[in-house]
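What follows is a set of structures to go through.
What follows is subunit A paired twice: with subunit B in the first complex and subunit C in the second.
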Partner chain A sequence: MDIFISQIATGLSIASILLLVALGLAIIYGTTGVINMAHGEFVMLGAYSAWALQTYAGIGLIESLILIFIFVGLFGWVIERAVIRHLYDRPLDTILATWGIGIMAQQAIRLMAGGELRYVQMPEALSASISLLGVEISAFRIFVLVFTAALFAFTWCLMYRTSIGMKLRAITQNREMASSFGINSNRVYSMTFAYGAGLAGLAGALVSPLKSVSPEMGTSYVVDAFMVVVLGGVESLVGTIVSSAILGQLTGFLAFYSNDTIAKALVFLAIVILIRYRPQGLFATKVRG
Partner chain B sequence: MSRRTAIQIGTYAIMCLAVLLVPTFVDDAFLLNKYSRYLVLGILALALSLSWGYTGILNLGQAVSFGLGSYCMAMALKLRTIPVHTGKAGLPDFMVWNNVTDLPWFWAPFHSLTFAITAGIAIPVILAALLGWFIFKGRVSGVYVAIITLAWLVVVNLLIVDQQRYTGGFNGITDLAQLELFGFEFDAYGSSSFYLIAITLTVCLFFALAVTKSKAGLIFQGIRDHEDRVRYFGYDVANFKIFAFSLSAAIAGVAGMLYTVVMEFASPTFLGVPLSLSVVIWVAVGGRGSLLGATLGAIIVTGMQGALSESETFLETWTLIMGFMFVMVVLFLPKGLAGAAERILDHIAGPVDAKGGVK
Partner chain C sequence: MKITRRKLLKGGAAAGAVAATGFPHIWVTDASLAYAAGGKIKVGVLFSLTGTTGIIEESLNKATIMAIEEINDQGGINGMQIEAVVEDPASDPATFAQKARKLVLSDKCVSVFGSYTSASRKAVLPVFEKRKNLYWYPTLYEGRECSKNVIYTGAVPNQQQDEFVPWLVKNFGKRWYLIGSNYIYPKEENNYCKKLLKELGAEVVNEEYVPLGHSEFSSVVNKFRSEKPDVIFSTVVGDSVVALHRQYRAAGLDPAKMPMASLTTSENEVAAMGGDAAAGHFTSAPYFMVWDSPENQKFVESYQKRWGADKVTHFVSEPCYFQVKMFQQAVSKLAPSDINPAEIREAVKGVELTAPQGKVRLDAATLHTYLWPKIGQCKSDGQFEIIKQSPGWLEPVPYKAYENQVCTEQGLKET
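The block that comes next holds the complex of A and B.
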């Protein structure tokens, strides 16, 4: 029973990080139709910002979160303004352009911060572990879980309870129509991109104490996050949360019970089959044209 | 034959001839090996141009076909070294290290080089046809094709790395014999391999050119430009896509086999995500809508990469430059360098008869 609960806890912890990465990706893809291959690099930039703020400015992880959100969000905004906005009518080319941006970001970080692994200190107050249902769980992981839940709730409110969110949903449904009603779609697109990037940056900052920080770290996250988005459907926030829970638990259990590589290959195969039969995802009712 | 086609064939022939003349000017074995490598990657780019540039299928898993071709050749050449590196009952060395006692059944036919070369084309084609059947019959298109092919690449790569006992795992298959065909021995550092590759490149280029000029080739381009319209004309779009996809896999398989000959090993990096995405860069830079453009794109970009990463100053910044160049090409030259060349051609031969009809 204890093993079972601790497995669930590990799965939840993986799922919360997945959700954080996938949320930004889903919002960007759902709204603008851009497949953002540089999303992993946004995660990586967030992690490096956490490391740099801690090492050079002595700011703790929790205090630096808001700075990191602004910094990575700004980076995303610049990317959207400079490159992505020229490509909205060529969706396949956005894969290529964002991938090019991704490798540039990786190499730039490698040149500036060095290629070696970096480590970020866990906040002192959260370094203990808490006993829950007879299982020891790291306090930091619980913090990540709660923080992710709060961010998700915030994003949901932003999308469904504010006028910005309403404009955003209108554009998602029909850009031309929304524009003719006076919604500035360019502005909404760039704000969406910045917000998604900021979320990815937060994800990177939050995983930095759990994993080592390296220029290539983003790649594995972006692949997993893509799977979450594909599984959940692009326009469904609830789908994103359910599918990250499924994938998080699945990864946790498969890694525990069987050969890691084969498990991974099986998950990918399952995704291939899923896209073939339900390209709109498991939980969405409609798909962007 | 229109004047335009004549100019095109002439350009292709001059390029191929120029490539074939290289060994008369270059004597350095190391350089020849390097140039052969660029040419092989040129063939790989040509394969992607056929599926992406002509049919609109962005195959991010092109390296699957390339890598499988490479492994087929490596298996055959590995078995030829056994008298030297003998294990128990004639096993390749890495199997001995992994405690494999008998040669696995699927290795046995690779004693025959003919079988290996056939397999190096047939296996990629069969897998591509199956995957193509699976996705195109379901009318999956656009970005989803890109994601599926990428996921497929990761699956195959993971499996090959995982089955270390039979595939050599991370190390791949090393210590190979030299390829012997029709009594010729193809030394990776000699002009013989270079000629083999240059001639294969020429054959592939003209074969692909013939395909694109055929009726099927026109339908490919029709599918790329307006899939539904082609469907309304009564063509089975899925079948044509499967055909283009498999044809591209066959050429990539050939390129993979030659890569093993040049590199003298096969490795899981040959079907890695970085290589597969690099091919897309080369083709985009050279011009996805032109077979020769894509080939030259691969040769130019890998050539630059080779030259720049050798000098101290650029070793670190090379990736940065390549990423920047790539973003710029996507933004400002969607048709690549070939698109720019075509504009010049328009001045000579008059404008194209239909939009994108003749490249």
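The block that comes next holds the complex of A and C.
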């Protein structure tokens, strides 16, 4: 029974990290239709920002989160202004362009910070484990879970309870029509891109104490994030949360009863089969094209 | 057999060499003489300076270069300077093979020092076997190789485990959890480990492999919790090892009760994960930076003087250093006209020298090295405390996990 509960907790923890990484991607993809291959590098930049702030400025992880959100968000905004906005009508080219940006970001970090693996110190207060329902759970993992839930709630409110969210949804449904009603779609797009990038940066900062920080770390996250988005269905926040929960629990349980190699393979296989029969993902919003 | 003009010349040259040692063979066109042309001995240095393993291999390049510089500063080998041809194979096995061909064929190097990963060694092996050249490989590896064109100066499984595994069983217990990255090295190490455990009457509660680069260990940590092994035998490598240690610590597991025992966690990996996450766990290796010997003191001092006070030496950079010294000893026994890969291989057999880790010897039969395995426990400052050293040097037995195979001077023998 203990094992069952701790496995559920593990699944939730994996899910929360998946959701954290995928949320930014889902918003960017859902709104602008840009397949952002550089998303993993936004995550990586967040992790390196956390490392740099801690190493050079002595700022702890929690205190630096706001700074990291702003910094990576700004980076995303610049990328959108400089490159992406010229390519909205050429979706295939955005893949190439964002991939190139990703490689450049990797190499720039390698040149500036070196290629060594880095780590970020866990906040002292969260470095222990706590007993919950009779099982030991890492306090930091619980923190990540709670933080992700809060971030998701905030994002949901932003999308469905504010005027900027309404404009954003209007553009998603029909950009020309929304523009003709006086919505500045360029501005909304760049804000969305910046917000998505900022979320990715936060994800990177939050996983950095648990995982290693290296210039290539983004690659595996971008794969996971795309799995979540594809499974959940594009343009659906609810889909994103449900699919990260499914993937998290599935990965956790399969890894526990077999091993991580098999878990990874089976999860991929399940997704391939699913999108064969349901290419729009689990939750698809009907949009008039 | 057809006798060609070239073969005739070669035979004549060999006969001439035997008949008149010391006579300047200016008339001989034998290619082997070109190896020591112009009073210089050319060697290749083939470690990646860029790419995924660039960081660690750069330290191997540095240790090799330092050894070569030391020899040259002391007047070279019999008055001949060593000339290092440095190539960067960029962490890519195919590039390794291409650069190896260049070093052997166009630079005419008499030996090449190189490789960190097994994949890159396997990639260059055909080049050295076909061209009958000599490759010096410093990394600990999975064994099960018996090439006559490679000099192996790193540890093979029996050298890292023969002392380590019984010691762990005695001090911690008989329930073992084997975890490794999913490729050949961990599987071969675990094969040998399981053999030892069987002899000791210990039990393997689980054996599993995670994908290379894997970073989510929460299910693995749960399995540690439910299986409660006495020892976690880890051959996880690369960035995964950082994630594993950090998540082990975050989960509140205790190294005093359930230590991780590793064959691959060196000072480098510890620096990447932070001393707090590594503290209390064990590593077995022939060399640790803190090892107290006059030779090691000198090695560490000169290394930091040459490359920077913050640089660390570790269990792969140390063999890089002493294998160049072995090369020196071997070549110094040869007349300049005899300097070629085959003669060097014969001359290096049985060579002994005092390396930073202790007195090492190159085994004539296997071309592997007798080494001094040590058990180190990591401390929170990122260095190791040496708990125990093996009572004597340990013979390398590259096929120890396979009873019907033996590496001999003539090659692999199946019984």
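In the analysis below, the second predicted complex is superposed on the first by the 283 of 289 C-alpha atoms of A that agree within 3 Å, B and C clash if a C-alpha of one lies under 4 Å from a C-alpha of the other, contacts with A are read in each partner's own complex, and residues count from 1 in each chain.
Assume a contact is a pair of C-beta atoms (placed from the backbone, for glycine too) under 8 Å apart; a residue touches a chain by one contact, two chains touch by 3 or more.
Please read all numbers here as calculations on a predicted model, not as lab measurements.
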Superposed partners subunit B and subunit C on subunit A - clash or fit
fit
Using the touch definition from the top, say if A:Gly100 reaches subunit B (first), subunit C (second), both or neither.
first
Is A:Thr55 touching the first partner subunit B, the second partner subunit C, both, or neither of them?
neither
Which partner does A:Lys264 reach: the first (subunit B), the second (subunit C), both, or neither?
both
Please work out whether A:Val83 is in contact with subunit B alone, subunit C alone, both, or neither, and reply first, second, both or neither.
first
Between subunit B (first) and subunit C (second), which does A:Ser179 come into contact with in this model arrangement: first, second, both, or neither?
neither
Which superposed partner A:Gly252 touches (first subunit B, second subunit C, both, neither)
second
Considering only touches as defined above, state whether A:Thr10 meets subunit B (first), subunit C (second), both or neither.
second
Inter-chain angle, subunit B to subunit C through the CA centre of subunit A, in degrees rounded to a multiple of 10:
60
Between subunit B (first) and subunit C (second), which, if any, makes contact with A:Phe226: first, second, both or neither?
first
Could you tell me how near the closest CA atoms of subunit B and subunit C get once both structures are overlaid on the shared chain, in Å?
5
Which residues of subunit A are in contact with subunit B in one complex and with subunit C in the other?
259, 261, 264
Considering only the defined contacts, which subunit C positions touch subunit A in the complex?
52, 54-55, 182, 208-211, 213-216, 218-223, 225-226, 239-240, 242-243, 246-247, 249-252, 271-274, 277
Spell out the part of subunit A that touches subunit B in their complex, as residue ranges.
35, 83, 86-87, 90-93, 95-97, 99-104, 106-108, 110-111, 223, 226, 230, 259, 261-262, 264-265, 268-269, 271-272, 275-277, 279
What residues of subunit A sit close enough to touch subunit C in their complex?
2-3, 6-7, 10, 13-14, 17, 114-119, 121-122, 127-129, 136-141, 209-212, 214, 216-217, 220, 251-253, 255-256, 259-261, 263-264
Residues of subunit B touching subunit A in the complex:
58, 134-135, 138, 140, 142-144, 146-148, 151-152, 154-155, 158-159, 161-162, 277, 280-281, 284, 316-317, 319-320, 322-324, 326-327, 330-331, 334
